[in-house]
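Both of the next two complexes hold subunit A, though its partner changes from subunit B to subunit C.
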Partner chain A sequence: MAKTYDYLFKLLLIGDSGVGKTCILFRFSEDAFNSTFISTIGIDFKIRTIELDGKKIKLQIWDTAGQERFRTITTAYYRGAMGIMLVYDITNEKSFDNIKNWIRNIEENASADVEKMLLGNKCDFPEKRQVSKERGEQLAIEYGIKFMETSAKASINVDEAFFSLARDIKTKTEKKLEASNPPKGGHQLKSYEPSRKQTNWLSKCTIL
Partner chain B sequence: MSDDLPSTYDVIILGTGMVESIVAAAVARTGKKVLHLDPNTYYGQLWATLSLDSFELWAKTGTSNTKTLKGEDSFKSLSDKALKYYETQDERDCISDLTFNWNIVEDIPESEEEPKEENASGNEYSIKKIRDVSRKFNIDLAPKLLFAKGPMVEILIKSQVSKYVEFLNVNNILIYIDDAIERVPCSKSDVFSSKSVNVVDKRLLMKVLTSIQSYTEESPFFQEYENKTFLDYLKANLPEKFANFILYSIAAGDQNTPCLEGVQKAKKFLSCLGYYGNSPFLWPLYGSSELLQGFCRQCAVFSGIYCLNREVEAIAVEGDKYYGCASNGILLQSEHLVVSNSLLPQQFRGTGPSVKRAVLITDKSIFPEGKEGVSLLQYPTDDSAATILELSGNTCSVPKGLFIVQIVGNCLEEAIKNLFSEGGDDSKPKILYSLRFTLHQMECTGKLPENIHACPGPDFATDFDAEIRKAEEIFKKICPEEEFFAPLPPEPEPPSDEPDSPEEATNDA
Partner chain C sequence: MEHPKKSQSCELYPSKKEIHNYHGVVHSVISYGKEDDQQLNGTLSLIQESEKVVIEWRPNDVSIDTECQEDTEWALVNTNTRTRTSSGSVDGALSKLHVNIMLNDVKTIKVSNKKNKLTFTLKDNKQKVFFFHFGNVNQFFEELRTTVTLKRSHHDSNLYFVHDKNAIVQSFSDLTLVDRGGDTVWNLVGDLKRRPYETTLSTFSKLTELLLYRNPEARPEGAMVEILSSLSSTDGCPEVDDSYHFICPVLGPRKLEPRGIPLSQDHWETAKDTEGKIINPDHIKQIIFKGGITPSLRPELWKYLLCLYPWNSTKKEREDILNEKTEEYKRMRAQWSTMSADQESRFTFFRDKKSLVEKDVNRTDRTMPFYAGANNPNLELLSDILMTYIMYNFDLGYVQGMSDLLSPILAVLGNEVEAFWCFVGFMNIMYHNFDEDQSGMKKQLSQLHTLLTAVAPDLATYLDSHDSGSMCFCFRWLLVWFKREFPLEDVNVLWEVLWTGLPCTNFHLLICVAILEKEKNKLMSAGNGLSEVLKHVNDLSYNMDLNDILMRATGIYNQLDQSSNLTASTQRVLGLAHDLISVQQSQSEPEEIVGEEKIDVSMENGYEKSIEYNYF
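Up next, the complex of A and B:
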């Protein structure tokens, strides 16, 4: 099968419970919003293929699966991640304060050169705002990362944020490719019954 | 922080070992409400994979059981019901005789410039230098391999947990024989192309390999060896050296392995060749704990709640049925409890068999002429065998240029003495760090209420076959009507994933 994309980027969403990570993911991948997502099951990752400078980029965006709730995100979650969206809720001071803990968590677990971006979500809710835009900007500057305020509900800046992160990763990847070190890697398990491939979706276990 | 844990579940799982984690994913997929707890801050208990810092901390905490029993009365206030409380134990009881030491200098003075990182003579390493890259280490407490066609691989694919983990071949299958390390010709093509085997021996080896591969219960060929050892059979058909190759490396047996058992094990090894390259084994990048974390993630995706660093102090029993778990001053209730043997209350826990284990950090491969990656070396001695697993930099378990060596077997001191050097002998890999301990298996000895399901800790086998069997057995007790990892309905692909949807691409551009 011909490859239908030029790059595959694994992105993560990180931040406190309830800041709207899953909603951002749905807004970006399906252009949908539903405030009851939290209780739905089976959200592992979502995929959207975008185009940047004529290159097809497949974005595989992973949700925390609720494991952020008691800070029990598996170290495996961070493996191979190239970009991380750090999300807080502008109506929740605590979620903003916790960003520094999440940054520490990322430093401990993710690869050192992972691209990061800070998002202040729920900006459609100005009357309940607890964190000013300036503080968000200030924190982003401190960590040397980009910042945007978003609203998954009102569809503000969600696409822009992912495109911006994807662009930064693309630039970095292409720079690395020029320096030409062929990537190492293991293989993914494939079903060893190729005859079932057409009919049985089971054999689709290698989505990558 | 944990006060907002809901108080009732279908299944509470205590401990994030391999069996517990597989059960967690399996039952969550059927829609059951799962709470998964672990007293440690990391996943995996005695199956964990740790960075060097965490590993050193784990070693320092050593065998000290920090558990202080509170007495049953301290739980009485949790419920009005007439409950009997059994206090849980500490997994540290599974470890004894733990020693560790660094065999290099603490630090190298700044003045000396060391531009040539690649130089392999161990003198340039210091403890500080290695600790500085602590995160590049992923050291397994219980490393195990996957048979390419074994039950673990089957379940990974069936469950789709395989998408969370990447693998490498175990690309050097080795044996220590006649005071040297030799590559074992595994497949018939290996035998055929081997330069170290002469034509006559090639024919004999081919014949034996073919007989083993075509073995069925009725094979007349092996019947005369029914009450004899596998070694008897091999020696009758092969020169001693090749008999040892097959006995130790292919059948992972020893002198006492009965013939039929040896044949079955060898057949399994041979039947796993060719699926993922010319090796029957796979090794997960970043270590074994990636597998159990993959199962835990899947449980979480199916709404399982995870809470590490959370102890269950006691298990509450009402009459002859398990009722709930006392944790942090609240009573968490569930229909079933799945619990690691290592945490079982003393009334139900006994000590089983034990084995010696060692973990080394070295500066050179035991088999430098082999391919970089994962090496499996069998080290037979007169009365037993040690299994040695060596990981190099491309496994993501150790920084480039260094090696992690995992040794299991009661004769490991002899293997260490012959294969490694503590300094001085440059021809052998130098031990920079070593840790040794005895691992005891805990067993469930008492009669547990039938809605408590106990899970074994790491055993001494190289594969995960027993763990999968046990997880399925427990799953069947909790969900008797359900298929173990029944396939999920296909998820509708989002339109943006369609490769040829031009309007999507233009919209995004």
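Up next, the complex of A and C:
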């Protein structure tokens, strides 16, 4: 079966519980907002294929539970992610303070060259704002990553954020591929998948 | 200071070189197996004797100890040296207690950090056990590791096999894979080199047979693991040809019996005696297991199922219990509700939990009429009960998922105090799901894999070879007992069925197996890896027929119950083998047994490994 995309990028949404990760994802993948949302248990992903410079890019975006308790489960998914959205809630100071912990988590668990982006969500709620836009920008500068304020509810900057992250990954990917695989014409770029560890098929016998 | 001190080489024994001994083990205690429970303080040393490494334990010589030098730090080391140098004249009783273990004679080494215990199992199956009073068992073990090649057991992450170059040959002969003659063994090894996959698979079928059908004592675990670890390190293995299957126990035919009718008002009325005691609770539970409960009876029955009331309590006793529990609830509720904002400002733990509860209450079952709409007073009840539970179980506090467990209970009972105590009863079953290190969840995922292997080995094999053997895609099912998978009315039925505790332990895992087996063909579609499997499983939510699943799960239980060739681990997960459990418990160390089930450490490790490395 022919692939319907040129690239497959795996992205991850992380951030404190209740900052709106699932809503951002829902807005991006379904262009909708549901006010009777539920907390995320375990892990799930959604797909949206976008087009950048004539290339079809399939974004597989993983949504994780935000609570500390589930970190042993969720951090296992960091590995292999090519882009990570760090989300905080502009009406919740604590979620902003915790970004540094999430960054540490990334450093410990994700691959070193993963693209990151900082999102201050719920910017449609200025009367409850606790974190100024400048502080968000400042933090992003400190970490050398991009920053946007978003609103899943009002559909502000959600598409822009994902497009921006996807573009950065694409640029990086193409550079890498050019370096290791000089272009011979045509699209030879589909192989950007981290090499799988050989499935240890013998080990299944140990569980018999 | 627990820092290990490496002592100087022992100059009085030119052929002997003491590699290490530790201050920290001076007070080690040795136990001579289980028959002889002598415990003596002494010193454990690692000694190089020409080509060989010896582990030596010497009891402390009290008289020498007391006359040792002013420098206490070195006194103990010197004491040891002296003990050994004067070994000829040392009190005979003490010298008899010396233990020398040649590393060559050691089969396995087991490290138990919790108990600071090191167990050497020798090739003649004798055991030598050392307790490290100063807690530096790991340091000693690490030193030991530098002198000998160890391989970790697949079954027990604390167990290490001492590497033996001839292990493969020995292992094959130990396994009696061939009837006679070393040549045949060598042919086999030769075949392994030339045609590794075919040879391995045919060998494995024999291995599997051995593992499944021989009695556990005859299973040469050491040899197994040795072979597995040697073979599995082969790089560049191609994909397994799906036409090879491992031999698995064949289950008898499955009978699907229709579900029963829910426990009715009439039946319930006749179930009580004049004082209001339930005459035959087992019978009531059977009915509930088969058909659930008529909705109007739920508020009453759930209080029994969730242990607020004992089945044999009289009406009067139940009133007393409720009064008492109401007071207790009020007291705990006041503990948090009277907390001022000023107090809260210096109570981070409380503040954090409170904020989590608020967030989750606002997004729990808001489409359900009972919780729908802004400013619904039931949301406040939900929040109050969860906040009071924080006071009831401070160690656990609030963890996401708990609001899902409470919501149906509150909706059915409609009473704050009763809902709280029933929630406590439910949490007593579920709290391991919320373990800090998630060990309860990992254990269940591993047990689920064990059951799936027994029921649908082809699916289990498929998942293993497609990055999904960790079963992590069932996480949500298990964490909140399918709360997110079925509509509320179904959840009520499913939970009351599970609360009966029938027909076996971990029946909820058989529900998982029933669903997975039903979806087998779709799950095993070509090319499905973890993401496709996870997607399919997540998409089953609200698309399943509970009655059908319960019928299947019950049918599977009966098949397993009637099967005579289940693996010990399958039996353990379901609590089917009581004699087996008691035998194993008496043979194993108590710390390894959690409840009635031993944690399948190999799977736990596999879980992490699988999602870490094979996920994307």
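Just so we're on the same page, the second predicted complex is superposed on the first by the 164 of 208 C-alpha atoms of A that agree within 3 Å, B and C clash if a C-alpha of one lies under 4 Å from a C-alpha of the other, contacts with A are read in each partner's own complex, and residues count from 1 in each chain.
Please note the rule applied: a residue touches a chain if its C-beta (ideal position, glycine included) is under 8 Å from a C-beta of that chain, and two chains touch if they have at least 3 such contacts.
Remember, it's a predicted structure, so these values are computed and weren't measured experimentally.
Chemist: Looking at the overlay, what does A:I43 touch: subunit B (first), subunit C (second), both, or neither?
Modeler: both
Chemist: Let me test your reading of the model: by the given contact rule, A:Q67 touches which partner, first (subunit B), second (subunit C), both or neither?
Modeler: both
Chemist: For A:E108, decide between first (touching subunit B), second (touching subunit C), both and neither.
Modeler: It touches subunit B, and subunit C stays clear.
Chemist: Classify the contacts of A:K10 with the two partner chains as first (subunit B alone), second (subunit C alone), both, or neither.
Modeler: Only subunit C is touched by A:K10; subunit B is not.
Chemist: Tell me which partner A:R79 touches in the superposition: subunit B (first), subunit C (second), both or neither.
Modeler: Both partners.
Chemist: With both complexes superposed on chain A, which partner does A:Y143 reach: first (subunit B), second (subunit C), both or neither?
Modeler: Touch status of A:Y143: no partner.
Chemist: Is A:E51 touching anything from subunit B or subunit C once the two structures are fitted on A? First, second, both or neither.
Modeler: first
Chemist: Have a look at where A:F33 lands relative to subunit B and subunit C in the superposition and call it first, second, both or neither.
Modeler: neither
Chemist: One more residue to check, A:K94. First (subunit B), second (subunit C), both or neither?
Modeler: After superposing on A, A:K94 lies in contact with subunit C but is clear of subunit B.
Chemist: Where on subunit A do subunit B and subunit C both make contact?
Modeler: Of subunit A, residues 39, 41-44, 65, 67, 69-70, 72, 76-77, 79-80, 201-202, 204-208 contact subunit B in one complex and subunit C in the other.
Chemist: Under the touch definition given earlier, write down the residues of subunit A that touch subunit B in their complex.
Modeler: 4-5, 29-30, 39, 41-44, 46-51, 56, 58, 65-67, 69-72, 74-77, 79-80, 108, 159, 163, 184-192, 201-202, 204-208
Chemist: Applying the document's contact rule, which stretches of subunit B touch subunit A when the two form their complex?
Modeler: Counting only subunit B, the residues touching subunit A are 1-2, 43, 135, 149, 153, 156-158, 160, 162-168, 275-276, 282, 285-286, 289-290, 293-294, 296-298, 300-303, 305-308, 310, 394, 487-488, 490-491, 493-494, 496-497, 499-500, 504-506, 508-509.
Chemist: Mind listing the subunit C positions that touch subunit A in their complex?
Modeler: Contact set of subunit C toward subunit A: 154-155, 200, 204, 207-208, 211-212, 224-225, 228, 231-232, 235-237, 239-240, 246, 352, 355-356, 359-360, 363-364, 366-367, 399-401, 403-404, 434, 436-438, 441, 449-450, 453, 460-461, 464-467, 469, 472, 475-476, 479-480, 484, 531, 534-535, 538, 567, 600, 602-603, 606, 608, 611-616.
Chemist: Which stretch or stretches of subunit A touch subunit C in the complex?
Modeler: Answer in residue numbers: 10, 17-18, 36-39, 41-45, 60, 65, 67, 69-70, 72-73, 76-77, 79-81, 94, 193-194, 196-208.
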